[in-house]
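In what comes next, chain A is part of two complexes: it sits with chain B in the first one and with chain C in the second one.
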Partner chain A sequence: MTKGKKFFAYTFLIVVSFISVFPLYWMMVAATNRSVDVTRGTLMFGTALFDNANKLLGSQNVSTALINSFKYSTIMTLISLLICSIAGYGFEVFHDKAKDRVMSVILLAMMVPFAATMIPLYQMFSKARLLNSTLGFILPTISTPFLIMMFRQSARSFPSDIMEAARLDGLTEFQIFYRMFLPTMRSTYAAALTITFMNAWNSYLWPKVIMSDAKSITMPMLVANLTQGYVTDYGILMLAVLICTIPTVVIFFLLQKSFAEGITGAVK
Partner chain B sequence: MVNSNKKRSVGQKQSMAGWAFLTPAVLLIGVMSFLPMIQALFLSFQTGIGNKMKWTGVTNYIRMFKDPVFMQALKNNFIYLVIQVPIMLILALILASLLNHKDLRFKGLFRTAIFLPCATSLVSYAVIFRSLFAVDGLVNNILIKLGFLNTGYNFLGHPDSARIVIILALIWRWTGYNMVFYLSGLQNIEYSVYEAAKIDGASPIQSFFRITVPLLRPTILLTAIMSTNGTLQLFDESVNLTNGGPANATITMSHYIYNVSFKYVPNFGYAASMSYLILFLVAFLAFVQLKVGDKRD
Partner chain C sequence: MKKKIASLLLAGAMVVSLTACGTGGSGSTAQTGDKKGDGGAKATNELTVWCWDPAFNLYAMKEAEKVYQKDHPDFKLNVVETPWKDIQTKLTTAATSGNLESLPDIMLLQDNAFQKNVISYPDAFQDITGSGVDFSKFAKAKTAYSVVEGKNYGVPFDNGSVVGCYRTDILKEAGYTVDDFKDITWSQYQEMGEKILAKTGKPLLSCQAGESDLIMMMLQSAGGSLFDKDGKPDMVGNATLKKVMETYASLVKSGVLIEVNDWDQYVGTLTNSTVGGTINGCWIMASIQTAEDQSGNWAITNMPKLEGVEGATNYSNNGGSSWAVTSASKNPELAYDFLSKTFAGSTELYETILPKSGAMATYLPVAESKVYGEPQKFFGDKPVYSMITDFASKVPSNNTGVYYYEARDAVATAITKVVAGSDIDAEIKNAEDTVNFAMGK
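Moving on, here comes the complex of A and B:
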């Protein structure tokens, strides 16, 4: 690149990066300021963080929402990774015509909009008394075509002579999966973990449908409820947004590298 | 003979193990996606409240095309789709090909910054944008200080500006996500191809259109289908950024379906018929995109 073009490229990237980060910076600034100062347009960190925290914890059941969100998302991620990785492995390693056909039917489920399944699922779950429960939260999205496809792609690179050797050594098929495949596919699992945990943590429509009990609400629901009042206290609101955002940002930073690697595998 | 029999039984054993491996996932998708989808189809031809449903033929489907709110919602989804998706994908492509340059520094930093919005939940970023564009929000503050406005403009109170805010928010949240897909797609293209093109006198813009875009076509197709699918199902933003307002001017189809099912007097039959229109649109547009995008030169 010539100097002029480089200058243009850097300027463009800096502007886009700034726009990407600024709203999150502002969110943190607002969380540490009084609402009045936020509406005056302050861009500096303030001293009202503890005030805001007291007011937020006093008016909303933050700990319940946080614990719920952690519980639902963690259980969802663990079971989902297990079920989908076994399935993806099964589809690839033991593939034949029948299984390939099942896979292409499964992929069609990606096209089904949630609005189309939401009402029958709600009826089904209220009959089964699964409203306001962890099982109710996780069941609809615990097995996803996307994750199955991701693990199927990564199983393609799993060497078949290792499997043959393991079989000769007398390992069962499940042992081969558990002892050979699982440890070697760390980056795929890390990417799947990031995606599944974030989706579970951030999900809003389904919890809004089935979690009618105040004891069962999630963190995004709590944030949304805060905006329903007549007057918005920006300091408190942005502190809630910050609390809701921290877990996913932490996971994102911890697993960023494997996430990119995992996605590369899924696209290939 | 004995040997081949033994082989077959080993093969069968493995095939059975394979079925055992994929059964839980397949069953769950069957019960949680396909079964409710069929139930929704039946529901869409019924009317009534609770368990007192009766068959009504296609009245629900006729009703939705006469329902001004649903027609507005349909129009809104298409406005978001037609304006936001192309801008976002083109921006993501440009950013990805810039970040793919070998002699550029701080690539990791730029990539992280641009991808960061994806780590915020949909509710969170909708609430952040709602606050930034409020009458007493930061954007109005800055516009007043710069002298463009005398008093705060109600961005979310006017249909057009409210839609623009939703579009801006969507671009902010999803550009980095698509960029990551393009970046990993670009890793499959040998960098020497670009160097060869440069030696042959190709400008960066020429190599963008002649090398990057054609070689990334499968990835572009994937992201286009995913974004179309996502845009037709928008819910969180409509609820938390504008609450569908002013007066349902920015409401999306999923938001309206939610209101009809759970907010107003529940009308599951009518809601199911509207959800089938989304299903049809998603499938139809994916089909068109596959037809157009999968052409080989």
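Moving on, here comes the complex of A and C:
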């Protein structure tokens, strides 16, 4: 790369990273300032962090929301990884014409927006008495076409030699899945985990529709509560957003390497 | 093959048991949740309420619980914090799916959306006309928001009466006092605004571009509406609306009114001293008061009125909400009694909630209360709360109906184009066409 090209490339990268990092920086700054200073556009860290924290804890049930969010997201992630990976593996390894057709129906389901299915779902769930329950929270998104497709794609790169060798050695199909496929596909699982956890953590509309009890509040609901009302306290709001962001950021950074691998393909 | 099926079944069983585990583990929360959620409806002495804003509505409800508990010690209120948009989503979902059970006994509805919801989902609400609530104790324009076909569906709560807020220190620089802005017309307002702009470089008013709040306030102040009594759009040939648009465009042109991009920026213009005042629902005073260093430099009076329009007044309304009793309530009698003895019958309640939350009521008897007459240091030691309650009694009514939000949006689009130089009549015609289209005509 010539010097000039390098210069432009770096300038471009610096501008783009500034644009993506600035909101995060501003969120942290705002969390440490009084609301009025936030509206006045301060960019320096303030001294109101503890004040904001006190007010936030005083007005909202943060611990309940955090515990609920963790509970729902963890249960949802575990179950949905299990179901979708088995499904994706099955669709690829045992594929025939009929199963491929089923797969295309599943993919078609990806195109249906949630808003269209919300009311029928609500009807089903209220008749099944699943309102205000964890099961009601996780069931609709427990298996997603996207994850099934992702596992199906990665199962495609899983060498059939290994499977045949395993079959000759007398492993059952299920043993092949969890002894051979699962360890090899660790990075796909990591990527799927990150995506599912984030989706579950951030999910808002459905939980809001079926959860009407103060005790089932989740972090996104808590943040939404703070934006309501005649006065929005931006300091407190940004602190809540910060708290809400931390877990997903931690998970992402922990699994960052595998995430990138998992997206590009697990088997080299 | 059999092994395959067996292993699949096993895996299936594992999943199911895991799921069961999930609910089992959370069973305590989920189940108590169920009990609480429905309990309001089942138990004879408990009510469930949905509303938003802990500092305001939730606080008021909890104080109301205490007031009611004095005579009914067993009474319990289960208040669930639910943002307005979510109340609307949940109400729509429950009503459209025909399953109203999940609704609470009482919920708070925005006045602007009240008639729309009652007309769209008539089965979801209780007619409370003869329930013992004395509606004559509220400002007529306020109760009108929750009346459909002559029947009352809501107990009015917070006040959206329009106030003109002014920075006395900025006015002083140009040689004015707040009294110069009392009972004035918009052209007087603009004239003084121009002088203030020349002297201090500060516009007198800011508002959100692409929003119709100010337009609607002006329109209602002259008793105008976007719909006629039958709910048909009434824009083309509506002289009041045309006058409003002209006034607005002229204010923007003169620089007295600056448009900003969003709500946060709007609040910023007030707290940053970029403008010399604002005109909005009285609830804006809570945002103004976050700038503690400006204490004593603010004053309120009524809003300017339209010129040459019959029935024009210096009073209007923006925002506000009312309590509705749902048909899901298993104990509506208790809900009626609770509301009529608290929000529609207790001066004490309003006196308690005012100092801490600034929650302005529309309950008229409180205007004479001592607490409402207390001078407020922030607003130049004036008894602003009793002033506002007095404003509230003079506001002309407004017809909202089902398509009010669509009409507001259409008008907002029209005014944006008018400010950019389009012809007013043509844009009003466009707006009416848009609303007619939304109504399926």
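Here, the second predicted complex is superposed on the first by the 263 of 268 C-alpha atoms of A that agree within 3 Å, B and C clash if a C-alpha of one lies under 4 Å from a C-alpha of the other, contacts with A are read in each partner's own complex, and residues count from 1 in each chain.
Quick note on the criterion: a residue touches a chain if its C-beta (ideal position, glycine included) is under 8 Å from a C-beta of that chain, and two chains touch if they have at least 3 such contacts.
This is a predicted model, so every value here is computed, not measured.
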Q | Side-by-side fit of chain B and chain C on chain A, or clash | A | clash
Q | Partner, of chain C and chain B, that touches more residues belonging to chain A | A | B
Q) Between chain B (first) and chain C (second), which does A:Thr227 come into contact with in this model arrangement: first, second, both, or neither? A) both
Q. In the superposed arrangement, does A:Trp201 touch chain B (first), chain C (second), both or neither?
A. first
Q.
A:Ser157 in the overlay: touching chain B, chain C, both, or neither? Say first, second, both or neither.
A. neither
Q: Classify the contacts of A:Thr11 with the two partner chains as first (chain B alone), second (chain C alone), both, or neither.
A: neither
Q) Which of the two partners, first being chain B and second being chain C, lies in contact with A:Leu237: first, second, both, or neither? A) first
(Q) Applying the document's definition of touch, where does A:Met111 land relative to chain B and chain C: first, second, both, or neither? (A) first
**Q.** First (chain B), second (chain C), both or neither touched by A:Val102
**A.** first
Q) Of the partners chain B and chain C, which touch A:Thr47 in the superposed model: first, second, both, neither? A) neither
Q.
Residues of chain A that sit at the chain B interface in one complex and at the chain C interface in the other, please.
A. 39-41, 83, 86, 118-120, 122-123, 173-174, 205, 208-209, 224, 227, 232, 234
Q: Spell out the residues on chain B that touch chain A in their complex, using ranges where they run on.
A: 14-15, 17-22, 24-26, 28-29, 32-37, 39-40, 43, 91, 95, 98-99, 101, 103-104, 109-110, 112-125, 127-132, 134, 136-138, 141-142, 145, 172, 176, 180-181, 183-185, 187-188, 204, 218-219, 222, 229, 232-233, 235-236, 239-240, 253-254, 257-258, 261-262, 268, 271-272, 274-276, 278-279, 282-283, 286
Q) Which residues, counting only chain A, touch chain B once they are in their complex? A) 1, 5-6, 9-10, 12-13, 16-17, 19-21, 23-24, 26-27, 30, 38-41, 83-84, 86-87, 89-91, 93-96, 99, 102, 106, 109-124, 139-145, 148, 173-174, 177, 198, 201-202, 204-205, 208-209, 219-221, 223-224, 226-227, 232, 234, 237-238, 241, 244-245, 248-249, 251-252, 256, 260, 263-264, 267-268
Q.
Can you tell me which positions in chain A touch chain C when the two form their complex?
A. 35-36, 39-41, 59-60, 68, 71, 75, 78-79, 82-83, 86, 118-120, 122-123, 126-127, 131-135, 138, 172-174, 205, 208-209, 211-217, 224-225, 227-234
Q: Would you pull the chain C residues touching chain A in the complex into a rising list?
A: 3-4, 7-8, 10-11, 14-15, 18-19, 22-23, 25-26, 29-30, 32-34, 36-37, 50, 52-57, 78-84, 86, 89-90, 93-94, 96-99, 101-102, 104, 264, 267-268, 271-272, 283-284, 286-287, 290-292
